[in-house]
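Down below is the structure, laid out as structure tokens.
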Amino acid sequence: MDNREVLVDIKNLRTFFYTEDGVVPAVDGIDLTIHRGEVVGLVGESGCGKSVTALSILRLIPNPPGKIIGGEIFFHGEDLLKKNEEEMRMIRGDKISMIFQEPMTSLNPVYTIGDQISEAITLHQKIDGTEAKKRTIEMLHLVGIPEPERRFSQYPHEMSGGMRQRVMIAMALSSNPDLLISDEATTALDVTIQAQILDLMRGLQKKLGMAILIITHNLAVVAEMAETISIAYAGKIVESASAKETFKSPRHPYTYGLLQSIPKFTEKKTNEPLPAIEGMVPSPYHMPKGCRFNPRCPFATEKCREEEPEIVELTPGHLVRCFHPIES
Amino acid sequence: MLPLILIVMIVSFGIFSLVPNPFAALIENPRIKKADIQRLIKAWGFDLPWYLRFFKWFSGVIRGDWGPSLLYPGSLARDIISRALPVTVRVMALEFLVSLVIALPIGIVSAVKQYSVTDYVVTVISFLGMSMPTFWFGLLVMMLFSVVLKRPSGMPLLPAGGIITPGLEEAPFWAKLADRAQYLVMPVFVLAFSSVGGWARYMRSSMLEVIRQDYIRTARAKGVPEHSVINKHALRNAMIPIVTLVALTLPGIVGGAAITETIFNIPGMGSLIIAAEIKSDYPTAMIGLMLISILVIVFNLVADIVYAWVDPRIKYS
Amino acid sequence: MAEKVIEAKKKGQRKSSDDYTYVGMVFHRLTRHKLAMVGAFMLILILLFVFVGPLVWRADPNEQIESLEGMFNVPSRAHPLGTDDYGRDVLARMFFGGRISLFIGFISAISSTIVGAMVGLVAGYYGGWADDLLMRFTDAMLSIPTFPLLIALASVMGKGIGQIILVIVIFGWMVDARLVRGLVLSLKEQEYIEAAHAIGASANRIMWRHLFPNTLAVLIVSTTIGIGGAIIYEASISFLGFGVQAPFASWGNMLQNAQQFIWNSPRLIIYPGLAIFMTVLGFNFFGDGLRDAIDPKLKL
């Protein structure tokens, strides 16, 4: 069991989107716990609700059409969903920071990157402009950007994608937050840069000690970084365990399917096609009855088609939402 | 810029060269002597083939020799035009400022409060402005404020035409200003009504486009207060396409001004050109047209510079 | 977050787009757009007025009444909109004037679009000096304030319906040229164009078969809104005496005629102006809704 203090505790979060074409239950009962300094991975396919979860923590869900309709998000013991806008604003960028997927468009093109980072600093700390500039340059140095003094006055379009992502990280960590949320931050980068950024994040985590919530669809990323992994499907968490356990003994058929579909190097060459999970992610307007994974599950029974399974703790620290979890 | 001006001059010249016999009206006029007409023909180069004529005209125009005015016989075209130009510039500048000052904020509010009542009201008013034929609106406004509404003295509430009360030409600055204001209220209002509509809508859609961007989400995630998100982060980006748009709609405004000037009897370039065209004073009309086009081109150049200044991604060579 | 909603919407539409074709989807969105439907309603009313009207109210728009009592009549049973300075029935003149104004507007708008599209396609596709030359020319034309130039051309070319249409087209094609050129420039880079090149398609074929259909949507919107603009141009030109000539009526020249009678019969100004206003408003509402329906991203 984890002895560290609980930093974030999400209980039964429900965030729905009310669109012209119907209601989308993007997040429908997600539970997640993050401890101080822990690196947690939230994995799932597109549309499973992981980004929405992250945005819900910071209460950045656009109000039409989205709404957090239920649940609690405890941060240092206080429910974020009960805070007012001003209180949330003070938490954003200061205690909880977020970096996003598209470095190319996530920075304001008409202001220098130095200004944008300094802004984050002066918003939350009582220091003046010159001091903020100094600190900004320190941060740029910390994230591995060469010639930080020169880069301070550069505009985003003068930098590559990898560099911009480093700038985003510098901005996010400038006030030494307790939690960094990384929403597919490396997905849009090419593989070598991706590796660099992940290394950077790992290094910074050791140095600064913040918790990280890594959101991705790429199992390889969490394999490297995360201590605990939660797998999301169609708005719910279907499995949650330590990284080791998840990879060694997945219990949920979906997790198992995901792991099977990773190409592996083996001694014998086979000409067999890569196993893939049959079917497609369900349309949010037409969720299947019963267990949401049942149409694609090779082990589905009548019960799976009728009732929705609850989360069960199979072994200490290993939670699964399934009537027929795979044998370990 | 220069090639543009050249093309404009060629086009202006070209159009009026299409007139089969530009002096037809003059010949009919019994008060003008044959000898004078001959003189004009020579002066304007109509005894020469067209390519030479263009050069003669071109060199004359460059030197400032714009020939006699046919509209007001006895005066030089140059004098007439130089009296009319500042009037138009004044009206246009005023109208431009007023429209901008009104349109931009309502566009922003409309975008920030999308789908609210304010937004719908603004949208509908914008459409009204854009669809209204200016001259009709001008006539209606004139009917209302000059015919229907009257001052206690019996005089119309707002004067129906002209730009200054006769006799006040030498009055002190403030009195002149106040007097001028009453003449300009209606024309500026009529002109502004149509541009405000278009610009507010563009501001709105530009803002909407910008607010959806990722970097706005980043700003919020950083903890930037909402008013700063809108006024600092979003606005600067949204203004960029507006600069181009404003420059693009300018010819339309100047054009629309022409008819408004005619209705409200304002002695500016617009009504001058039209009067010249109606009375077949083609030389004056040509030059007038050319001048306001050049004005527009210069303004576009200024707009380009402003654009490069506002958007750091553009390198102005 | 934005991706989530878009994904959700795409999923929803993936379902509904299985049911609808592209045109069907556009229509579906269009019918839900309030202003567009208001515009469509207005246009239908006006079209009915102008085309069906004369069948219902039979009066000769050109029949003059030579007596003083016949002039400037107030609306009555005999003349629902009154009579003008020649004793002609205003309602009848409104019908026929409307037909002419609408005709001119429609033909001018479509013609400008066609000319503009061709220029834009060529300029965008070939690029290089052709593009430069064409665009310089377009820019120069755009710098000249349209209206005085319209009058200039009108005064030079003479009066009449054909001339007006020509004049409006000469000054209207630039907008579409610019629009199409911009679109072509971005479309050119897409892979299916490269693919077409690779299999040996000729320039003409690429332009007409591949690029043009993709500009169609934008052009339709532009034409719709252009009709409104063309009607205003026609009215303005006729207003100054250059366009449609007597005895033909157009809403524009009715206004011109009425201008002198602003003091004693303001009604004569209100009717045609209102008609123009409503028509243009209708086209603008509808065109705007059409634009939103074709490219809903802008609405989101």
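Here the chain labels run A, B and C in written order, and each chain numbers its own residues starting at 1.
Convention: a residue touches a chain if its C-beta (ideal position, glycine included) is under 8 Å from a C-beta of that chain, and two chains touch if they have at least 3 such contacts.
Quantities reported herein were computed from a predicted structural model and do not represent experimental measurements.
Taking the mean of each chain's C-alpha atoms, the chain closest to the overall C-alpha centroid is C. Chain centres here are means of the Cα atoms, and by that rule the chain farthest away from chain A is B. By count of C-beta pairs in contact, B-C exceeds the other of the chain pairs A-B and B-C. Taking the mean of the C-alpha atoms as each chain's centre, chain A and chain C sit 51 Å apart. Distance between chain A and chain B, defined via averaged C-alpha coordinates, is recorded as 55 Å. Between the Cα centres of chain B and chain C there is a gap of 23 Å.
The set of chain C residues touching two or more other chains comprises 1-2. Multi-chain contact residues of chain B (touching two or more other chains): 217. Contacts with at least two other chains are made by residues 60 of chain A.
Contacts from chain B toward chain A in the complex involve residues 115, 213-215, 217-226, 233, 236-237, 240, 310-313.
Interface residues of chain A, counted against chain B in their complex, comprise 58, 60, 64, 85, 89-94, 97-98, 100, 102, 105-111, 119-120, 123-124, 155, 157, 168, 171. Against chain C, in their complex, chain B makes its touches with residues 3-4, 7-8, 11-12, 15-16, 18-19, 123-124, 127-128, 130-136, 139-140, 142-143, 147, 205, 208-209, 212, 217, 248, 251-252, 254-256, 258-259, 262, 270, 273-274, 277-278, 280, 285, 288-289, 292-293, 296-297, 300. Every residue of chain C that touches chain B in the complex is listed here, in rising order: 1-2, 35, 136-137, 139-153, 155-157, 228, 232, 235-236, 239-241, 255, 259, 262-263, 266, 269-270, 273, 276-277, 280-281, 283-285, 288, 298, 300.
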